[in-house]
Structures are given as structure tokens and as C-alpha cells.
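Sharing a structure, written as C-alpha cells. Questions coming.
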Amino acid sequence: MQSHATPQAIDKVVAEIKRMGSQAHLSRGQFRTIIGAIGEEGTIDQNHLATLDGVEKVVPIMTPYKLASREFAPEDSVVEIGGGKVPRIKVGGKHAVCIAGPCAVEDQTMLARIAREVRDGGATILRGGAYKPRTSPYSFQGHGEAALKWMRACGDELQMPICVEVMDTRQVEQMEKYVDCFQIGARNMQNFDLLREVGKTRIPVLLKRGLAASVKEWLMSAEYVLSQGNNGVILCERGIKTFEDSVRYSLDISSIPVLRQLSHLPVIVDPSHAAGRRDYVPSLALAGIAAGAHGIIVEVHYCPSEAQCDGPQALLPQAFKELMESCRRMAPLLNKEFAPAAVA
Amino acid sequence: MQSHATPQAIDKVVAEIKRMGSQAHLSRGQFRTIIGAIGEEGTIDQNHLATLDGVEKVVPIMTPYKLASREFAPEDSVVEIGGGKVPRIKVGGKHAVCIAGPCAVEDQTMLARIAREVRDGGATILRGGAYKPRTSPYSFQGHGEAALKWMRACGDELQMPICVEVMDTRQVEQMEKYVDCFQIGARNMQNFDLLREVGKTRIPVLLKRGLAASVKEWLMSAEYVLSQGNNGVILCERGIKTFEDSVRYSLDISSIPVLRQLSHLPVIVDPSHAAGRRDYVPSLALAGIAAGAHGIIVEVHYCPSEAQCDGPQALLPQAFKELMESCRRMAPLLNKEFAPAAVA
Amino acid sequence: MQSHATPQAIDKVVAEIKRMGSQAHLSRGQFRTIIGAIGEEGTIDQNHLATLDGVEKVVPIMTPYKLASREFAPEDSVVEIGGGKVPRIKVGGKHAVCIAGPCAVEDQTMLARIAREVRDGGATILRGGAYKPRTSPYSFQGHGEAALKWMRACGDELQMPICVEVMDTRQVEQMEKYVDCFQIGARNMQNFDLLREVGKTRIPVLLKRGLAASVKEWLMSAEYVLSQGNNGVILCERGIKTFEDSVRYSLDISSIPVLRQLSHLPVIVDPSHAAGRRDYVPSLALAGIAAGAHGIIVEVHYCPSEAQCDGPQALLPQAFKELMESCRRMAPLLNKEFAPAAVA
Amino acid sequence: MQSHATPQAIDKVVAEIKRMGSQAHLSRGQFRTIIGAIGEEGTIDQNHLATLDGVEKVVPIMTPYKLASREFAPEDSVVEIGGGKVPRIKVGGKHAVCIAGPCAVEDQTMLARIAREVRDGGATILRGGAYKPRTSPYSFQGHGEAALKWMRACGDELQMPICVEVMDTRQVEQMEKYVDCFQIGARNMQNFDLLREVGKTRIPVLLKRGLAASVKEWLMSAEYVLSQGNNGVILCERGIKTFEDSVRYSLDISSIPVLRQLSHLPVIVDPSHAAGRRDYVPSLALAGIAAGAHGIIVEVHYCPSEAQCDGPQALLPQAFKELMESCRRMAPLLNKEFAPAAVA
């Protein structure tokens, strides 16, 4: 739409798209509103739409992902996480973010301690698993709703929005009450029912890349969420399976510039799960920022050897703090800025 | 347990395992019953168990997969699919199986026609998708419960058990009423909640390998199902992601002998999804049999160019028939036999 | 050329191709002669060639590999290895082959013993390394020319052609005096100078697939040899690098039907180097035959624990013999036959 | 050796190592000299060596790569490229380098023009191929010795050392007369004879990573060069083969921190060959620097559409200049510095 298009003009276009039997998706950017029309080829009369009031131009999108594509929204999307009792944190465009916390929430005390450490270190969003996807059925599977409550309380106290993994469609309704951001794990990147279900909420979704997913398949999974009307998708590169065995997964650094070109969605990197070892985390985090990512998500633990899950990859609080300082220094070279940490 | 162990002796062992705070898993083979005791290390008193009546020996299992391991059950498992109105078809040990049908159930007429073709060609189990995991949210997603009903009616009429993919935990209860075998697709191989949910049923589960799953991760996913008490797991190799682009996925033929060594579970191959093109399907199917697989699952369509999903990989009925004949000739060289086709 | 084309007609076509500034490659099959014209697009006057005596048709080849393509030679090529003091062994078309022997030639006594075992087991070509490509500069690098002499003497005595790996362009002239077949190892598949150098000889070349080579890159490497006038190329699938770690390399079974479709060249499988462990070798060898390969190359050792190189993958003589019997039984199902073993 | 160890003490240790039947490798760092003793386990009397004058400590190295390991030389190695008519350029430790130029040297005019552009943009070493490893035997294979002469003249004129790929053992002697740095391409990373041959020279070697080589295999290839007495090895990460198809190869960014931990050798990144497209080159180059690499090697062309080889990945001169400016700004954050460009 033209930048001065009236709400009435927008409503009219939406109505016309629906009349043609297609779906209309609204995306309101800083400068303009974009309306996506998703339907069978041939059912949308482009010439008609082009003549409506307030329409700047009609652009057919040739990629299989539509709403996720850069063609659909040429400016970078900025997703906001939080609101209500906690601040809204922006991710995307010039806004870089640091999400940090423990892998799994083990108990309320450890959570409080780690959360405070990561906030003091400079993280603005708190992560922590309530339901854990574990390779073995005999491993610790997370504390479930109890952990959700601890996360919520902790986030509220420290003024940090919280990001928690959702694993099953049946958890969505429950978790919606607690979390500021859903995380979809790598193993669920193509759990299409789950994508649709979080797509129906209006809570942002951190969508991790599947271990064998191509960039295009990943964008198609983002499209599942977007197509349900949830515009708050953040992509997270966390490494792919390759033959190399000196790290757990190979962080696919080239996915960052590829995504930045193909899509308007923000993208961050997870160096912790990629490396699987803490000593490589800072280098990979900085590489992600240098490649153009909008931030990082990292795991931190004050006593990794006692962690019930993924201890070897957790940074110690001091190392996390130093990493954050390096990230803050590097971001401006890439025209980005990390939000100031929440006040103690 | 010893081969002549009484039911009372078995009950006593189970009771003792529970008393120690562990779970007991019963697996009844042709010649002997095996009882798995799953619990924290150190909580199971092996010496005590070894002295109980009917106990032959106590074997600690060192692999992370327990119930799936060859150590747990040295003889091949035989899984039975069907029963009630349709025959029971055996898979495993000396029993090879051919599961065939369309990719997606598109309508009742096409299903009836393809089902008849595959039965006449020699398949004994019918496959067909009701809920389809599609990369794009805009692609055909399956006819859902209607397709389940068509499949059930068609299977009953042709005397073929039916195998249908389940994608979401919320579908399990509904599908349980219709299907003889659940299929878990590659993209859901590590959807742990779904694995647990089908594990709670007593319907066999065809567990496809994830596109980036190692053999050990795959066995851990089988363990999720087994650990819920469902012994009917059949593994299905369907190709992994590699750099090679002349086929859609690379059928990992070596997974067959590896699995045959590590596990007692039956394993079949899916050459259709691996190749992505029908011309390579027969060679890959035969390679699977030669490598020791207990059968194949293939897609067949009388008019692939009209298929709503995966047409290029569907065999024509005549090619399917010829492939089945080759499989039947080859199986005895590997000490296996395909069940006779259902009578027309 | 037409099947009854005269030598004069063939000479005339060759002369005309050269006159146009292109190279002419002759390939004489059982039923007809094919002449390849390799040159810049636009320099070859197809219409003119089509009118020459004895020309059946002129077919432009669109694939980047020309002489290796099925379009160039629709019938399967049959390569002959041996001659002189040892029999000529055919590979390709209906002729399957078994090449066997130790990994490295360690001394004359062990070679003689293993060679006799593999001949008695049914192999018709003897393999053994004189120059060994070792990952470490500190590992045993082979006995060089001494080993070549032992191989030649042993092959002559047992009436088996010999196949030996060449690693360096500077070895080609020397080895030409000793060997019946050059082997190019996986790590040298794109050592283009070496390919050209063996292409200048008229000794057949067993070209192993590179560990990260696509089927198309592999055919391009075959083209390097063929383009020098050496028609005796045999392809050997020996596994590719993937994320799977239960085997050393993943035998890419689908490369067999892909190659059989794209190329007329014979293709065999090397299950020993793929698996890296002897227990998986028989299954992979049979899978190769079932997929359409023209034979196998396997490593055998009477005392693998003492082997200086790759002991864990060497079959014991008895297991080799049993494998050969299985291969002989399976081959006719695929319209192939193994040559009878040399007489003791 | 102790930092104040005399030349006589060093000679004595070397003599003693040789007397024990082992090889002695001298590595002179800024602060201390390290002597490597390579031999069969058990033949080296560590206790005896420890008592010699000037010996600080004796450290057994457990990794399969010895001279390449960080245990062998705890400080970063600094390799010097150039000398004679051109300046010596340092790579390693705090010294970052930019090597740039065309893919292939097509003619003297284009070379002169591109060389001037890259020098003006800030590169200090000139690259350009004389012998080109091409997938197809029908592609341009390079101008050979003529190109070597043009490169030498151009480097001398612009005061830039030159780096040229060597493909065959038979080229080493000839190229030694012209080049300041040998490049070993990815496809020759395990061409062991070639590694040994360049190891015998005292010209630095830029060793690219093989497309399917693990970090450990790569270090073993470096060891081949080092074990011949050539200490001037620079590693170059240039992407590995994965399933991802939006780039040509996946730059394995994690190899940088892994190598920095395991080895003392300098490591640079080649974003051009990894990406295969110029639009992703700057992001990957910066990611490499951020991950800890000692510089970059990039391809530049003023008219990529006319390049005879790899045009799509060549940066335009202006983009190259901007990239160099970004690299110069980023390097200090990683405690590195790019050498000032040669004066025009």
C-alpha cells in the first residue's frame, strides 16, 4: 500500500482479496503496510487490485515461501518479545538481542541464580526449558508446568521476557499463559501441526533450524506459522549435521547471508548447541554477528558439571559476560545494536 | 527366563522388579520370555533377581537403547500387523513384507483402484496417507478422517491390514479406531511426545528414520515407543540427507546390517521416498532385500502425473508387479519369504 | 556408424571430424562402432557428418560428460583386464567380476598365501597395494616397486590379472610394466594430471569415487581418462562421507542405478572400504550386486589383526568364500554371471 | 628448549635424537626453539633427553599429528611469504593477511589490471592460477608456465608476493623458480606425493581443506608437509560438502576455533569458493575474521561475466575495497592487524 493509505483503503483491499476466494495477510511495517494475498494461481485478479485506492503496486511472489520472502516485505521485520509486566524487546533490523539462560530449568534456586547472572552479563531475554526433547526416554524430561511458573516469576522479577520450548500441540494453550516467546526446537522444525498451532497464537516464535533442513525448507516452516497470521517469527541457526566430528553440529554460517537476502525475518545464532562445547561458543557467536545475525541465544550455567542437560556447552557466567562485551563492540560494525541490559 | 518358566515365575520376577522401583517390560518370543528391568543404575539387585525361580540369566545392557537392543532379545522379533476383520501379517525373522499403496489418499475411487492393483501385484499391507506432512502450508494436506474411513473400508474389503501416518498426538486416539499400523514419518522421528503417545497404544508402529538421524538416535526413538509397553516397532530406512543430488535422499544401505546386528527389531526399506524417482525404485528395493531387510514399502499409482503428492516416485502397477516377483525370487537367498498375496 | 560400416567409412568420418578442428574418439562395441567428436560448440557440422557413408545418425550429447554418457554408447561397455601371460577377464554387460586380495602387499609370503586363498574362493583378479595413500606420514607407505614385482609374479603364477593403485604421475611409466589394471583411489579421483596420465596408457583404470564426489563429478573424472583415448574405465563405488558414524563411509547404493542409467561404463562396489568392518561386508556386497553392479572388490587377510593396514575390514578366507557363493547365486537374478575361478 | 639455550645445546639434542634412530624437527619461534623427535614409540629415551643441557621439558604428543599440534608449539606460528624482490608478508599470531586476485590468469593485461585493483584495495599478496583443476577435461586448464611468468613479473612490479596453485609433483621444481607461496587445492589435500614434494622445498604452502576432510585429516595432511622439514604451512578453510544447496560449499566456520585450539598453524578463510556467489562473500569473510582466522583469500575480477573460470564468485574491485575496510576495522577486536597495503 502507499505510505499514506487510509485504514478504509486497506480494509477495502482485504475485502476484495477475500471476495476473490483468497486469504489476506496484513503486515504493518514502520513505513508502510503490506497485504499478502494467498490463493490458487489464477484466482487473484492483479489488475483489479492494482486499481484500488491506496495500492502502490501488486507484486507476484515466485518463491514457494510467500509471507517469509524478501519480495513480500523488502524492509527487515522487527519482532517484539515481551510486554505487560516485562519490557518489550525488539529483534530485527538494527536491533540485536541476546537470549540466555540454563538449558533446562532444574529448580527454582538455580534458575534464579543463573537468570541474575545472565541479566548482569547483558542478556535481555531469559531462556530455560520446561519440557525437554531428549534423545533417550530415560533422561530427565523437564519439570513441565512447575518450570513454566518459575520462569514466569523469575522473568517478571528481573524484568526479562521469557522464551521456552514447546514440543507438543497439546502444550500450546497452557504455555500461552506463561511465555513471551515460544521456541520450536530443531527436531520439531517440520512438526507441521505444532507450527500451525503456535501460528494461531500471537506470541512470537523462535524457530530453530532442523538438523537436516535446507534454508528453503526452513523458510517453508516459517511460512506455516506466518500463514496462520502470526507475524512474529525469528529464525535461529543452530548447526546442521555434517561429517565433521570435532563439533556436535556444524554452524552453517552461510545461512545467515542467504536468509538476509531471501527473507525479511530476523535471524539469530545458537552457538551453544552447534558447538556442543563451551570453548568454541564465543568464536561462533561473534562469527554469527559478523555474518549479519540479529543476535545470539546461549546457554549459561554457574556449575556446568552439575547440569542435568548439556552441561559441556554451557558458558560460565564470567565467560558469558566477556562474550557479551565483545558482541556489543562488534555489532556497530554491522549496523546493529544490542539493547541495554535490564537494570539490576 | 528359562524356556519352561511358569507364568507364576514370570509374575514373580515382574513384581520384584517393581518392588525395586524399576519398570518391568515383558517381551514374549517364540521360544522364551524376556523381562526388561529399566531403572536407575544401582537400584536393581541383579544377584537377587538371578536367584528367582525360572530366571535363566541376568544381562546388564550397556547400550543407551535397552529394549531395542539385540542384547535384550537375541532372537529376531516378529511383529504382527492386522487381526480382526483382516489377516495378521508377520514382519521380522524369516517373514518379509510388502506394504504398498498411494502416497496420499486422494479419493475413494483412486484408492480402491490402486489398492486392488497392489494386492494383485503381491502386496499384503495397504498404505495411504490421510494426514500429509507437506513442506508447504499451501500444498494438499490430506483428507483426514474421511481418508481413514476409505482406507479402513478398502482394507477390509481386500483383506489387507492398513498402515497410515500419524502426525500429531491429538490424532492418536482417533486413528486408533481405524488403522492396523501407525506410520511415524521421518520428520517426526524425534517428536518425542508423539512417540510416547503411540507407545501407549498396542498398535504396531512403522518408525521411519529421520533425515539426519544416526542409527543410534533412531534406535533411541524406537526405545521411546518400546518403553511405553508397545513392542510392535518396525524400523524403516528411507534415505538420509547427503551432498549427492542425483536422488532425493541417499538410501543408507549400511543401516540394514548395522541394525540387524544391534537390534532384534524388523527393518524394511522405503525406496520410493529415498530415490524420489520411480526408475531407481526397483534397484533400491532389491538392494534392501539383499542387505537383509524384512521387506519394502513402496508407492504405486496408475497415473502418477495426476497424483497430488510425490507422483514422480510412484511405480506403475505393472512395474510394481515385476518388482514383487524379483523380490520373491531373491528373498530365499537371504533366508526370508514374502507372505502370499491376499486372494482376489 | 551403421553396423555394416566399412573401415574406410570409419576412417573418413574420423578424418572429417579432425578436419573440422575437433577430436575423434573411437569406441568399438560388439555390434557397432561409435565415433565421438569432441570440440567447441558450433565447430562441428552435424549435417555434413550425417551425409557421410556408413553414418547411421549424429547425436548431440548435452551432458557435460560425453564419452562416458549412455547417449554416446547405448550398449553397456565391456572392459577386458589382463592378457599376455594371464587370462583376459571381462567386466561389464553380463560379466560380473570379483577382485580380491590384501589391502597392502606386506611381503611375498603373505601375498602368495592370500592370493591363493582368494583364487580358491573364486576371485579372478588379484588386488594389492604397492604404494599406499595413508592419512599419516608416519604410517607404512607400501613397498613400492618390490611389491609390484611380487604382485606380477604372483598373478602370473596363479593366472590372475593384477590391479594395483597408482598415486602419482611419476609412477605411471614404471607401473605400466607390471600391472593389468590401474586403481585410482578415492583421494585422487580429482587428481586431474594423474587421470590424464593413466588415460594416455591403454591399461584399464578402476576409478574409485571420491569421498565427496557427486555422481556427475565422478563421471567427469572418468571423462578425463576417456578423453585421452583410454576406453577401459571401470567405476567403483566405495562409500561417501555422511554424518552416520556406525560405518566408516556410507556406501551410496543409489549411485549404482544412477550410473547404469547415465553411463555405459561398468561399475563395481567396494564394501570393505565403505564399511570399515568385516561384519558388514557381505551384506553390502550383495546389496551392490542386487542394485545392478558388475561385481565387487574386497579385501581378504588370513590374519587381519596382523595386517599393517585396514585389518578390521578384511574378510577371513572362509567368509570370503561364502560371500562369493552367495554372489554367484544372486547374479543370475540380475542377468549377470561371475567368471569361473582360475583353475588351481 | 629453554629460552636461553645455546646453539650448541640445540645441536646436541638434535644429534642425540638422530642417534636414537628418530627424526629431529626444528621449529624456531620468537621466544624459544622447539625440537620435535619423530620415531617409533619406545625408541626415544625421554628421560635421557630431559637431562641434556638447555632442555626445558620433554612432552610426549598423543595426537596423530605431531608437528602440527598445539602441544608441539604452544605459541602461534608466524609464516613469512615473500622475500627477495618483494616484501616478506607475515601470517599468523597477530598478523592477518589478505590474498587476492583473479581465479585463473587469463592474459597479461587482465592480470595487471586486477592485480593493481587488489593492491589498491588493500591486498598484500597476489593470487592467480596458472594450472587450473577443472572438473571437465574440456574446460580451460590454465596457461601454465606463461602464466607463472606473468604472475612473477606482476608481483615484482607491484611489490606483492605471489601465491599459485600446484597440481602435480612434476610441476614443483618448475614452480619453485617463480612463486612465493604454493597453493594446494581442496581436491589435492590428500595427494600425499604432492604434499611430500612441496614439503621438500622451503616455500610456504597454503593448504586448502578437502571438501570431505575432517579437521583431523587436514592436520594430518599439514603433517606431511611439516614432516619434510617445511614449517611454512598455512591452512585455508574453503567450505565442505553438505546437503545445503543455497551455496556451493558450506564454509565450516567452527573449523577456525577448533584449529586455533589444536594447532599453532595460521588459518585463513576462502569465502569465494565456499559461497560460489559474490553476494555472500563479504559476510563470510567477516565471519571468518570474527571466528579468529588470520585473514582471507578472495577472488576479484573487474568483469566477472567474462572470466574464464568461477566468474560468479569474483568480487568487483569496489566491493573488494569495501570488504577490506570492514576487515581492517574488525581485526583489532580479535587482536589482529592487517599489514598495510603496498605503496602504489
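By letter and in written order, the chains are A, B, C and D; residue numbering begins at 1 in each of them.
Basically, a contact is a pair of C-beta atoms (placed from the backbone, for glycine too) under 8 Å apart; a residue touches a chain by one contact, two chains touch by 3 or more.
These numbers were taken from a predicted model, which means no experiment stands behind them.
Novice: Just how much do you need to spin chain A so its Cα atoms sit on those of chain D, in degrees to the nearest 5?
Specialist: Between chain A and chain D, the superposition angle is 180 degrees.
Novice: Taking each chain's centre as the mean of its C-alpha atoms, which one ends up farthest from the centre of chain C?
Specialist: The most distant chain relative to chain C turns out to be A.
Novice: From the C-alpha centre of chain A to that of chain D, how far is it in Å?
Specialist: The separation of the two C-alpha centroids amounts to 38 Å.
Novice: Centre to centre, by mean C-alpha position, how many angstrom separate chain C and chain D?
Specialist: 35
Novice: Just how far, in Å, is the C-alpha centre of chain C from the one of chain A?
Specialist: 51
Novice: Which positions in chain D are in touch with at least two other chains?
Specialist: 212, 240-243, 245
Novice: Where on chain A does chain C make contact in their complex?
Specialist: Touch list, chain A to chain C: 241-243, 245.
Novice: Help me check something: in the complex, which residues belonging to chain C touch chain D?
Specialist: 38, 64-66, 133-138, 167-170, 187-188, 190-194, 196, 210-212, 217, 220, 223-224, 227, 240-241
Novice: Where on chain A is chain D touching in the complex?
Specialist: Residues 212, 214-216, 240, 242-247, 250-258, 260-261, 274-275, 279-280, 283-284, 286-292, 326, 329-330, 333-334.
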